[in-house]
Amino acid sequence: MTPLSGYLFVSALLFCIGLAGALTRRNAIMVLIGIELMLNAANLNFIAFWRFSENPETMTGLTFALFSIAIAAAEAAVGLALIITIYRHFRTANVDKVEDMKG
Amino acid sequence: MLGTGILKGMVETAKNFAGSYHDPERLTTVEYPEQRIASKENARQFPFLVHDTEDPMKGLRCVACQICEKECPPQCIYIVKSKDKRADYKGQMQFYPATFDIDLSVCMSCQICVEVCPFESIKMDTEFELSNTDRFGGLLVNKHQLAKSNEHYRKIHPTEAAASDAVLAAETAKAQAKAKADAEAKAAKAAAAAGPVGAVASAPAPKPSSPAAATAAAPAA
Amino acid sequence: MTLPFAIIAGLTVGSAIAAMSLRNLVHCALSLVLTFAGLAGLYLQLNAEFVGFTQILVYVGAVAILIVFAILLTRSTEPKDEPATVTPWIGIAVAVGAFLTMALAVLASPVGKRVAAPAPEVSVKTLGQKLMTDYVLPLEVMALLLTAAMLGAVIIAMKDKEGQR
Amino acid sequence: MADFFQAIDQFPVTLKHWLMTQLGGVLPEWAEPLVSAALSITPILAVFPLMFALTTVIERKGLGRIQNRIGPNRVGIPLTNIRLAGFGQFIADGIKSLIKEDVVPRAADKVVHFLAPIALLIPVLLTYSVLPFGRNMVPLDLPQTGLLFFFAVGASTELSVFMAGWSSRNKYSLLGAMRAIAQMVSYEIPLILSALTVVMMAGTLSLSGIVERQMWHVAMPGIPGDQDGLLARWFLFTPWGLVGFFLFLTAAAAEANRTPFDLPEAESEIIAGYFTEYSGFKFAIFFLAEYLGLFAMCGLGITLFLGGWLPPVNFAPFTWIPSWCWFLGKLSALIVLFIWLRGTLPRLRTDQLMGFAWKFLLPMTLINLVVAALWHLLANSIPLVARWPLCFAMLAVPYWLLGRGFEAKFTKREYRFAN
């Protein structure tokens, strides 16, 4: 069985890949994808810590991960709706070009 | 209520399904190569050349006048006129087609060649199973393949064939009458050479009879 | 480290890198789906079947479809030769720094060397009972949040259209 | 006598056991689970594609009869005159699609275009792994998450549809994919909700567990059935099960892109939808995946509502028939029903399709969920004879009320010039 550190490394890698993407990509959708990746990395941490915890019967990590998945779904829906609205308004999904504060 | 229409429709299709097994009124499909529907009398597919005598090549009615070749809208007919002449069914000396080809891949079955032919020599066939492995040579049919007997024509289009026969009979009668008149005129001429009496009176005598024969044949057509 | 873990982890990380670095947005989204599927595989490795299949149902079945729709609805009008990233080196440096910090923390901590206890008995029944008793307040808040998010998403995406009429 | 029928019933299981014990000495230890899995998979890979092949012929023949035609009846054994009533057709079709040229559009995204049919077929085949085909015959028994696995894997087919539609670079493909995804996402909700009713009543996500709950002897509060255990306790025999089954079938037809919900491949409008640009064997894979998806949905419907592999009654001639025959028989009956529906119903319009999902199916499944809960709660206070009509009325009234909205639109059309 893989030790906990293996999962933590994968999670850290995913988080940093997501972070790098969210910081560097121009397209708003790609930024959102980066954020999704970071959320998933956190989820993996929840599950891994639950599995390697002293008393997994409490299922804290599992429930937290379930709630986190639900939040991510809501976040993706609202975020993508916002991106589509921004695209309709500015005719671009490039975050650098959207610098107008007026509605 | 929602769904009743669906149920009604399903009952209807179930009736169709069951009915197709026992009700021949519903299942009208004819399984073609084994079962066939006899072709209708007015059916027409592609032209053929009519011949009268036993030997198809000698009995061809076609005199290579090339009217059909000129009238054919897609120009699928190719005719080469013969150098010599030979006796036709009336016994007159006529040209005949040295080559008579029809490209069936071009022909559009319009029947104009039949309409314009003054010699009742090209007619429409009901043969339709013409598929061929050679799409260029196989569908270019020559006069040997095109020639079919008058009996065949009578079999596939009885009414039309009767009219056509009547026209031909009238023409033959007219030709014979003319030949007879010519012979009489010749005889009269010969007689006139001997003594020119009555030759002028007898020569035009057969003429009124031939239009009468033609009009007699016309209602039959 | 076991072979299945290595394969799944490699696939997950590799497809995540692809998802963040490919030029074509649809390819990015498809690689992201592979990452989600790989994560579900990791959850299964961790005996969290229910969360693993929920992950597939929600992420592959719903979030990925949403992203793909959003990509198609926001067809980029920008020229192709424009770089897809802004100031890449700063962002990557930040990410690498964050990773090194976390990796050092994991290596230094004694928790990381913990070996798994025997697989716990996870029954969906007890999970459901927990959700309906101990975690009933978060569950209800979550229901409210999802409803609000749905209504919000619909209204945000609709507003402009009404304005045009 | 009973032992003999028991042996036939368990024949596939015993055969596998025998093969494994025979191979046990020969195989290295690491290969044993792989061989065991392969032995479980092989019958599925043999039976269901064959069933697909036969269904294509039966469907064409059946549709032909419904339309007063004969349908395919020629292809039999090659080089002979034996025609087998046309049942050689699927072999000819298979050979044809195998040797046809594989055309990939020049502008297509080659990799995604190639992966799409594979990515569609694999999840569809995976769904079969949790279906109980007979007594003790579940390739992969997931006691905690069986149904969730089915829906999770089934949901990932949407992405393959998108891959196919997008990578073809064809507007019809993309339109078809968009239609298919919108339809599948919309109908997934009533599908899962109607299945959830059963999960709620059975108290388990395991599909074999759900089948066992429908057995004669298992005491279930509120399921009608003879106390002596003569009549099976299929969920279909309860009001919520009856309504739930038809809601499930409707949603399943939409999930599987069957008529009347086959807009994604409406050939009069968008050629063949998302697989317009596929030819040859890839097209055959799409066709196969579509039918296998339908079979899997039917299999799930059988497991949830029609008692899976259980016979309807618990006495001699019926119990002699092997359990897997019951499953395959019920599956064939549902397939025939779908063919019949295809021959009957015209295709819906997109707005009708979406309206039907959100305004009719979704409220109905939610009401069904509530009624099922009531049925369970009233089990001890109201006798069955009164409870059944009461619960049925509670479902029939909303059905009538919701259904009215869909009827009113179909008024008789006035033709200005024809009349």
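Some points to look at:
Order of writing sets the chain letters: A, B, C and D. Residues in each chain are counted from 1.
In this text, contacts are C-beta pairs under 8 Å (C-beta built on N, C-alpha and C of every residue); 3 or more make two chains touch, one makes a residue touch a chain.
These numbers were taken from a predicted model, which means no experiment stands behind them.
Put simply, the chain closest to the centre of the protein, by Cα centroids, is D.
Work out the mean CA point of chain A and of chain C, and you get 5 Å between them. In this assembly, the C-alpha centroid of chain A lies 35 Å from the C-alpha centroid of chain D. Chain B and chain D have centres, each the mean of its CA atoms, that are 62 Å apart. Spacing of chain B relative to chain C, judged by their CA centroids, is 81 angstrom.
Each of residues 50, 54, 62, 69, 122 in chain C touches at least two other chains. Across the assembly, chain A contributes no residue in contact with two or more other chains.
Contact with two or more other chains is made by no residue of chain B. Taken chain by chain, the contacts run in an open path, each chain touching the next and the two ends left apart.
All chain pairs that touch, listed by label, are A-C, B-D, C-D. Residue ranges on chain C touching chain A, taken from their complex, read 1-2, 5, 9, 12-13, 16-17, 19-21, 25, 28-29, 32, 35-36, 39, 42-43, 45-48, 50-51, 54-55, 58-59, 62-63, 66-67, 69-71, 73-74, 76-78, 82-88, 90-92, 94-96, 98-99, 102-103, 106-107, 111-117, 120-122, 126-127, 130-131, 135, 138, 142, 145-146, 148-150, 152-154, 156-157, 159-160.
By the touch criterion stated above, chain A contacts chain C in their complex at residues 1-10, 12-21, 23-27, 29-30, 32-34, 36-37, 40, 43-44, 47-48, 50-52, 54, 56-57, 59, 62-63, 65-67, 69-78, 80-85, 87-89, 91-94, 96. Within the complex, the chain D residues that touch chain C are 109, 112, 142, 144-145, 148-149, 151-153, 155-156, 158-159, 162-163, 166, 174, 178, 181, 185, 188, 203, 205. Note for the complex: chain C touches chain D at residues 26-27, 30, 33, 37, 49-50, 53-54, 56-57, 60-62, 64-65, 68-69, 72, 122-125. In the complex of the two chains, the chain D residues touching chain B come out as 62, 65-70, 73, 340-341, 343-345, 360, 399-400, 402-404, 406-407, 410.
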